[in-house]
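Listed after this line are the structures, all set down as structure tokens.
Same chain, two partners: subunit A is paired with subunit B first, then with subunit C.
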Partner chain A sequence: MSGDDERTESPESTDEVLGVSEVFKRYRDGDATVEAVAGVTLSLPRASLNVLVGPSGAGKTTLLGMLGGLVLPTSGDARIDGVSVVHLRDHHRTALRRTKVGFAFQDLALIQGMTLLENVLLPLTPRGGARKEDVTRAEALLERFGLLDKRDRRVERLSGGERQRGAIARTLVLEPPILLLDEPTAHLDSENAAAIVDALVELRDDGKTVVAATHDARLAEDGRVDRSLTMRDGRLC
Partner chain B sequence: MLTNLLRPFLLARLLSGISVSALVVVALFVAVRVLRRFRLGETSEGQLLLERRAELVATLVQAALGMAIFNLALTVLAADHLSQAIRGAMCAYGVFSSNDLGFLPLGTSALAALACVLWLTLHRLDLALPDPRLTRRKFIALFIVGPLVLLDLWATLAWAFDLDLGVVATCCSASIDQAGTQTFGAAPMGGRVTLYYAALATLALAVLALFALYRRPGRVRAWTAAALAALSVALCLPAIVGYVAPHMYENPRHLCPFCLLHADALGIGWPLFGALFLAGSLGLSLVVLESQRRRAADDAIVSALEARVAKVAMLGFVITFVLCVFPVARYAWISGGAPLFGGPG
Partner chain C sequence: MRRALAILDYALGATRRRGGRNLAIALGLAFVVGLVSAVLLLTGALEREFALSVDATPDLVVQRVIAGRPALIEVDSVERLRGLPAVRSVRARVWGYLFVPSLEANVTIVGASPGELGDTLTDSIVEGRRPRPGAERECIAGDALARHLGLRPGDGIALPVHGEIRVLDAVGLFHAESALHSADVLVVSEAMARDLLSVPEGQATDLAIRLTTPDEAGVVANHAEIAFGQVRVLDKRLLARTYELTFGGRSGLSAIMLLPALAAFLLLAWERLTGLGGVERREIGVLKAIGWSTSDVLLARVMESGLVALGGALFGLLAGYLYVFHLGAPGLRAALLGWSTLYPELVLVPNADLGQAAALLGAVVVPFIAVSLVPAWRAAVVDPDEAMRGTT
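Right after this comes the complex of A and B.
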């Protein structure tokens, strides 16, 4: 099922968890204006696995950022769990993101020099650090992703697949209902990529709303994906 | 005269006033745009850009108006220091009264400072809310605050240029003390005492009302606290002049409030008037918060801010109370209980 900015996706669906309406993102590049996202309307329901696929520079990361309230649109509306984020004050938007959205960035953003467990516990820092039950929960997440025995290993000593799974585990430590992942299978071999996809399907089955931006066709063509949206030149095809 | 300006505190006051006014003028241009185009429900590029711009400008205005509040102290400080350069002027009173504009710059500074406190309260409430639903009102309010700030700048500049350091000024003893003694002297001695104790009682009630508001914010408590805050200021000012000051000077005929700023009065005037102004203006700002409660549509946020404002105002009135009692108690201790005014004290 592919998305289309002219399809009848209801931006105000009551089951909508993430939504954007006629969003544009424009950047100045010298005298020129670049439209990274051009007039996208999208509504994603609860407990769904959605994939944004497209070539590099299509606007996937920008759209992902707008869906998660990390990037503000130049115009148009973006909603997280029914709350419009475009008018929110920074601290309110941050608080909303912190409780609702988990991000796994393209470069993973794992902190070198820290262990895998320390990285997974990092999102708890603004709250004053990890309590005993948080550590227990983090270890359970690592076990789920087959990484418990690597908990005390520094991240630079992990393989690509292990780091990818560790980054996903980190997004879950605050138990957000929404997960946004940018290129979750990048630079992974088939076996590791399949493991990631399996993990994402499991998370969807757990009731989470998952959106993955990728140029990897393997993820987009997996039959278990609820929605595969193709993006090109800032628009949904 | 330009040479008048070559006095450090006066120069500081003028430069501060000019910077504040410049920022306010810039903000007023943005305020016009906000008034004409700000529509919170829209998600057009123009609206989103205007929201960001308004937030940035409001941040600058916050700094400017904070400085404008401080300008009130700078006005008094400048005048007090100039008293050393003007013959006959023993304090800021002599400096103000030596000039045709008189106390106008002090009045405009006080009015502008009060308006700034009220605007800053509205601004803090707007920032605390999830979205800029009070931004339009906040910028509309700048059309009141802005002109007051500019009027203050004009009054201060005119006063500074009109200063004649060669004039022989009238000392506070020759005018305010005489006038004050006549005013208070015409009334029964008990009148001064009654006024003093009425001021203390009102301060105590204001503290209690603010404490009650701090514990449980609400409309009735806020209005009660605001009314008592205003009444406290209205009673404290004449009580300080007529009763507290003479006790501090140990002289029943010396009433000048400006001399309380000096070292021989332990500089008590600074914390006393400072605390009174802060507490009084914050007390009045409770009215601003209550008036925006419906539009804010978030009782929890409004109440939380009311509680914080009440806490600071309460502290200000406690300090005022202590500093109103201290000179009287000190004199009683020094004099062994002898009344200052020659009758029951």
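Right after this comes the complex of A and C.
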């Protein structure tokens, strides 16, 4: 069921869990203005696996950020589970993100100097830290991604693929219904990449809404992906 | 509370992760705090010493003055004061300084009557025994002086007098609450004191007056001045006030001179804390992306600054304490005491004022945290997309 034909589903769809309407994002770069995202409208349903494909600089990560309320659009609207995040105060938007969205960004991955387990448990800190059951859940996630034996290793001593899987494990520790992943299969060999794709499919089947931005054709062209959306120059095409 | 503790735990880890920078800031802070605390601790210890010293001083001391310098006074003068109202006792004292070349310092020789040797000092003998009445060559030494000389009961002390050497037997050591009273004092019989100090019979160094009512000190002092003519009367209360002003002034001046150092350090800390490195910016982006609010990040940054400031300040306090009470405050001590080189040794008694330490900590840590608040806030409000920019 992949294809671009469903990219402009009605924002009012009752099944929508993530949506943006006519969003623009412009950055100042010296005297110039860079338009990272230009007039995108998109509605993604619950329990779906979605892939954003496009070259570097196409605006995939920025759109991902806007879908998750991490990046505010310069204009337009962004919704998480029916709630418009554009006019929410920072702490309300943070609270919404914390309960609904898990992020794993390629360049905002794990914090160096901390162990893998400490990184995975980090989202729990503002809630008062990890309890015993949280640690058990984190260990189960690490086992799911083949990292349990690395739990006490500092992240700078992990390979790129291990760090990537660790970052995905961290997005799941708060059990959010929405997962936003930037280049989840980057740094991974074929076997590990396939394992990640399998895991994303499983998560979708568990009822989670997954959006991944990628260059990787192995993920974009996987038959189990619900939507594959192509971006170029800040626009869906 | 659980949230604060969890964020504190994270801040502890962050402090460790940025160990190089934080250590440099903490050491700078420790240096400034160490200097300030050394001045305060030394002043406090000296004030305590002089307070104890003043406590042991007679209410009034009458010295004869000739050509503006202290001179010997007639022992008979005692009788002219003894009958005054408010006077409890008057005693003609024989004491003075004897320069000992081998020590390159003055020793204070105090002559004591047999009664004094037997009674007054008995309770304070900490080693050995008191001198026997009539045994003119026996003496007792202050424990601080004995420690400095390596003197033990039974040892002899050679003192140069009129080109000859007098050898005294140290039969005991005494302790005085104030180190000033035991740091350079040798108590000998009054006859030996006269011999060592060349004080003829019938004359004394000064007159020590104890009063029944200290408020009458002015009246008695006036009477003494009228009765004896050229005398100087030292009032214990004025002496205390003089010490207080002297050391308070010197320490205040020293502390004021250190204020620019503290201000310069806070400016330096501001510079260091304001510059948000790429790694820190990325870390904040990660935290916000995984659900930390601005207030969570701000709290973590403030806690990190607080830990650095508290650690540095505590280390500085400890260093100041060790510098003053274990190393004897070399350099600073001479600046505050002025005449300390005349002393064989003055071992300061540790006298930590917890209130003063807490005030100093507050005076350093609070401004430091305040200085770090703006950079912390600027770091905390970094929009995650700023951290992400360049990754599109």
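The criterion applied here is as follows: the second predicted complex is superposed on the first by the 228 of 237 C-alpha atoms of A that agree within 3 Å, B and C clash if a C-alpha of one lies under 4 Å from a C-alpha of the other, contacts with A are read in each partner's own complex, and residues count from 1 in each chain.
The definition used in the following text is that contacts are C-beta pairs under 8 Å (C-beta built on N, C-alpha and C of every residue); 3 or more make two chains touch, one makes a residue touch a chain.
Source: prediction; values computed, not measured.
Subunit B versus subunit C on the shared subunit A, clash or fit?
Verdict on subunit A: subunit B and subunit C fit.
Thinking of the overlay built on chain A, is A:L174 touched by subunit B (first), by subunit C (second), by both, or by neither?
Only subunit C; A:L174 stays clear of subunit B.
For A:F24 in the superposed arrangement: first (subunit B), second (subunit C), both or neither?
first
Could you look at A:V71 and tell me whether it touches subunit B, subunit C, both or neither (first, second, both, neither)?
second
Thinking of the overlay built on chain A, is A:F105 touched by subunit B (first), by subunit C (second), by both, or by neither?
The second partner, subunit C, only.
Using the touch definition from the top, say if A:E118 reaches subunit B (first), subunit C (second), both or neither.
A:E118: touches subunit C, not subunit B.
Which partner, subunit B or subunit C, touches the larger number of subunit A residues?
C
Who does A:T61 touch here: subunit B (first), subunit C (second), both, or neither?
Only subunit C is touched by A:T61; subunit B is not.
For A:R89, decide between first (touching subunit B), second (touching subunit C), both and neither.
The answer is first: A:R89 touches subunit B but not subunit C.
Take the Cα centre of subunit A as the vertex and report the angle out to the centres of subunit B and subunit C, nearest 10 degrees.
50
What's the minimum Cα gap, in whole angstrom, linking subunit B and subunit C in the superposed view?
13
Would you mind listing the overlap between the subunit B footprint and the subunit C footprint on subunit A?
Common interface on subunit A, subunit B vs subunit C: 72.
Along subunit A, where are the residues that touch subunit B in the complex?
21-22, 24, 26, 72-77, 84, 86-89, 92
Using the touch definition from the top, list the residues of subunit C that touch subunit A in their complex.
2-3, 5-7, 9-10, 13, 16-17, 279, 282-283, 285-296, 383-385, 387-392
Under the definition above, what is the set of subunit A residues touching subunit C in their complex?
25, 27, 36, 56-62, 65, 70-72, 90-91, 94-95, 97-98, 102-103, 105-114, 118, 122-129, 170-171, 174, 182
Considering the complex alone, what residue numbers of subunit B touch subunit A?
40, 43-45, 48, 51, 127, 129-132
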